[in-house]
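Chain naming follows the written order as A, B and C, and within any one chain the residues start at number 1.
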Amino acid sequence: MIKLKNLAAQICGRLVGDGNTAITGIAGIKEAKKGDITFLSHASFQKHLRHTQASAIILGEDIGPHDMGDQNCIYVKNPSLAYAIVAELFNTRSYKRKREVSELASIANGAKIAKGASIAPYVHIEDGAVIEKNVTIYPFVYVGENVTIGSETRIYPNVTIYDGVKIGRNVSIHGGTVIGSDGFGYAWDGEKHVKIPQLGNVEIEDDVEIGANVTIDRASLGKTTIKKGTKIDNLVQIAHNVTVGENSIIVSQVGIAGSATIGNNVILAGQTGVRDHVTVGNNVKAGGRTGITKDVPDNMLIMGTPHMPFKEWAKLQGYLNLLPQLFSKIRSLEKKLHGETDND
Amino acid sequence: MIKLKNLAAQICGRLVGDGNTAITGIAGIKEAKKGDITFLSHASFQKHLRHTQASAIILGEDIGPHDMGDQNCIYVKNPSLAYAIVAELFNTRSYKRKREVSELASIANGAKIAKGASIAPYVHIEDGAVIEKNVTIYPFVYVGENVTIGSETRIYPNVTIYDGVKIGRNVSIHGGTVIGSDGFGYAWDGEKHVKIPQLGNVEIEDDVEIGANVTIDRASLGKTTIKKGTKIDNLVQIAHNVTVGENSIIVSQVGIAGSATIGNNVILAGQTGVRDHVTVGNNVKAGGRTGITKDVPDNMLIMGTPHMPFKEWAKLQGYLNLLPQLFSKIRSLEKKLHGETDND
Amino acid sequence: MIKLKNLAAQICGRLVGDGNTAITGIAGIKEAKKGDITFLSHASFQKHLRHTQASAIILGEDIGPHDMGDQNCIYVKNPSLAYAIVAELFNTRSYKRKREVSELASIANGAKIAKGASIAPYVHIEDGAVIEKNVTIYPFVYVGENVTIGSETRIYPNVTIYDGVKIGRNVSIHGGTVIGSDGFGYAWDGEKHVKIPQLGNVEIEDDVEIGANVTIDRASLGKTTIKKGTKIDNLVQIAHNVTVGENSIIVSQVGIAGSATIGNNVILAGQTGVRDHVTVGNNVKAGGRTGITKDVPDNMLIMGTPHMPFKEWAKLQGYLNLLPQLFSKIRSLEKKLHGETDND
């Protein structure tokens, strides 16, 4: 239990209502019951504001009192951030596993496991691997030779980490993800595809989160890099020698082809594809399923396949919608012209 | 071996030919040999009807005798269903594993395993999990804390089930699938992406089948739900707080973004994408690689990106094909008009 | 260390420079240091030729001396192939695992493991499986009943191979891949989807490489086939009863629907989709994210959704770019015509 006024203080919010209200949990705006705090997660839920059973609501300053009932409110500048903080207060999921190395793990003699690491049963760690303190490794994780894993990092079940991959601190890697598999490179010798050995590695910097069943290939030479603070959703493909900058957001089912470079603070929405050797600038935002085929300058908002500035894309959609009208206009122009001609 | 007349009776079919024919197996129309029963799986195979070596063919009532040779036939209303039933009769794959808990499984003391469950070697089950009777769990499956798995359910190898996930009865989950991984949610604090704790869970209802390497994220709050009888193909992404209704068909590589709601009896063909917070009505059918960007009313047949009614899409394709012609028409109109003007 | 002249001999290259130069490693053109050999991997790197610190460069005969500094060069006909060969010379990744069966592997009595096979800890092999000589199987691999795996094949961690799958010689299967899961087939009985038993299997021929988190479904009847020498990238979906011919290249996130047939020497670029029952001819090349909806004759270069010959697609893109201009032309035609009409 936490009093509403204390909660407001923690998120630097402006409290309107009874600060002594007891908050015992957090829930969605439709599901919330007495004792819960809730928040407005999406504009489409605004209609539920008047009817929620929640004991308090976290809101942006843009929501006026006329949209509301008489609930207790905390107004904040950044509702998403306030929600993240409050949700953590009520986090009852127990990430914490035993700080020990299971006897059922199979660990090479030459691997180094720091104190405070939690290694589950059925983890396999190869020679030369270095696991720093407070790392958590779930069952069925394969850690290849000379892999390094920084402190506080969590590796969920069934993850495969090939030899030589470097993983930073406070990284999360979700179930089924594969890091460091061979890049897709072959040379045609006239009769068959000859494999180009993939001799590079992968480097995942600090504070990166990687979703489930993602694939990140090792470089052919040099390294594939995911920089600090970037977040990658499920089922994303990152090919060999790609660099993804800092604090970027790569949404589910995006594919980034070989040697492409993605800048800092980029957002690639779901199912977007990036061609090989392309450079995407800083702060670029690509809408859902964009096909990025050429370099993109900084700060662009893009859409479509092949990609174009969002405004052009929107205009093009407008023209496409008018195509039937265009065809009938031309028919009437033709008629008119033929009519006049006939009259001559 | 089964006599053809008995087989016809089991699928309520109309037998034309020798009911005493011995059927010993099932095979495709091109591969079938004497003793096999076959069926017409796709219109493109109709040309093979006259030449199949099969001892009998299952057919829809729409196939006339003129398309055929003199083979034995069973005519049925629903050939696919008849095929499903006959294939089960000749199913020699041995799903049945030993009804025992392997000594090589690692099972927390607080987990409850019902009698008749089959737990393979190298399965890891956490505290508080409840496994009902006749559940089959293959090797390298991770079952998190407080997960429940209903009776008769099959979990194939290398599946990861995070804490708190609820799985119904008679569910199949194929290899490599991840259920209950964290939803993709962050709040930007001005300097970095702050993780929004994903406190909800996932509920898979009875009779659902989920393909290989699928990802289904847990809800941020509340639950991600897959309702009774829905079938999900390989490599599908289902984001946090999504609801998929009953008896829907989600084909391979579809991505459904956060908080989207999919109705009952929906078909989303391969590589389709659904935007976040969108509602797709009951009985909607989306063609391959549809980009669903807005709410879709019940019973619509849609196509394209952004999606539109199928008929509009087909019309638009027609107009696009005519674009070269359109441009030349305009050139000739311009000429004509200029010509007249010049003559003035 | 290897002398440059010896290296040139091995790749049948024309050496320009000091053949006694000692080469000690291989690196990318920008990262190379003294002692390294490098190569020109992509036209966009040509500008780095003058500035590379490499001790030698592998080049195609098309690169003239005016593009270069005074570095040692080896000119070859096929630079990619030369690179593949040289990279193998400097390959320090140690694929070689102990040639033994781990005591921590769980292997059914009826499975046959040839001498020289390397079976890691936490591998599970079912009854009737046959593992030929020099096969390498990494941890957390599931090998189902009656699976056969040909000599020299490598199966990376967390791979799932269902019962009855046949894998040829010298095949590589990367982490998390699932082979032989049930094809996606159901018959609607008026109330629910009835599963069509998937009784066929999968056959992977010799010299195939399959990336990470790929899914290849077993056939409903007969077999799903990947022929000799074909290479499949990460996160590809191959549905039941598909045939992929010899020496084809299937790039990441491609989806091939049921019963489609792909020819020999085909290239399907990333995110391409192939409709069910479609036949794609030999030597077809499909650009990124092509939507293949109908049969494609041999030797075609295709693009777009629905697919069309590349030249048509390029023309269509041109017309789409001219749409704004087209609309304004029509407006001016209308004005002109109305003006004339008004003057009458």
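Miscellaneous remarks
The definition used in the following text is that a contact is a pair of C-beta atoms (placed from the backbone, for glycine too) under 8 Å apart; a residue touches a chain by one contact, two chains touch by 3 or more.
If you're wondering where the values come from, they're calculated on a predicted model, not measured in any experiment.
Taken as a contact graph, with one node per protein chain and an edge wherever two chains touch, the assembly is complete, since every chain touches every other chain. Where the sister copies chain A and chain C meet, the same residue numbers recur on both sides for under half of the interface positions.
In whole angstrom, the spacing between the mean C-alpha positions of chain A and chain C is 25. Of all residues in chain B, those that touch two or more other chains are 122, 140, 158, 176, 213, 235, 253, 271, 320, 326, 330, 333, 337, 340. Remark: chain C residues 26-28, 31, 41-42, 44, 78, 80-81, 83-85, 87-88, 90-94, 104, 120-122, 138-140, 156-158, 172, 174-176, 207, 209, 211-213, 229, 231, 233-235, 247, 249, 251-253, 270-271, 288-289, 317, 320, 323-324, 326-327, 330, 333-334, 337, 341 touch chain A in the complex.
For chain B in complex with chain A, the touching residues are 106, 122, 124, 140, 142, 145, 158-160, 162-164, 176-178, 181-182, 184, 186-189, 192-197, 199, 213-215, 217, 220-222, 235, 237, 239, 253, 255, 257, 259, 271, 273, 275, 277, 291, 293, 305-306, 315-316, 319-320, 322, 326, 329-330, 333, 336-337, 340.
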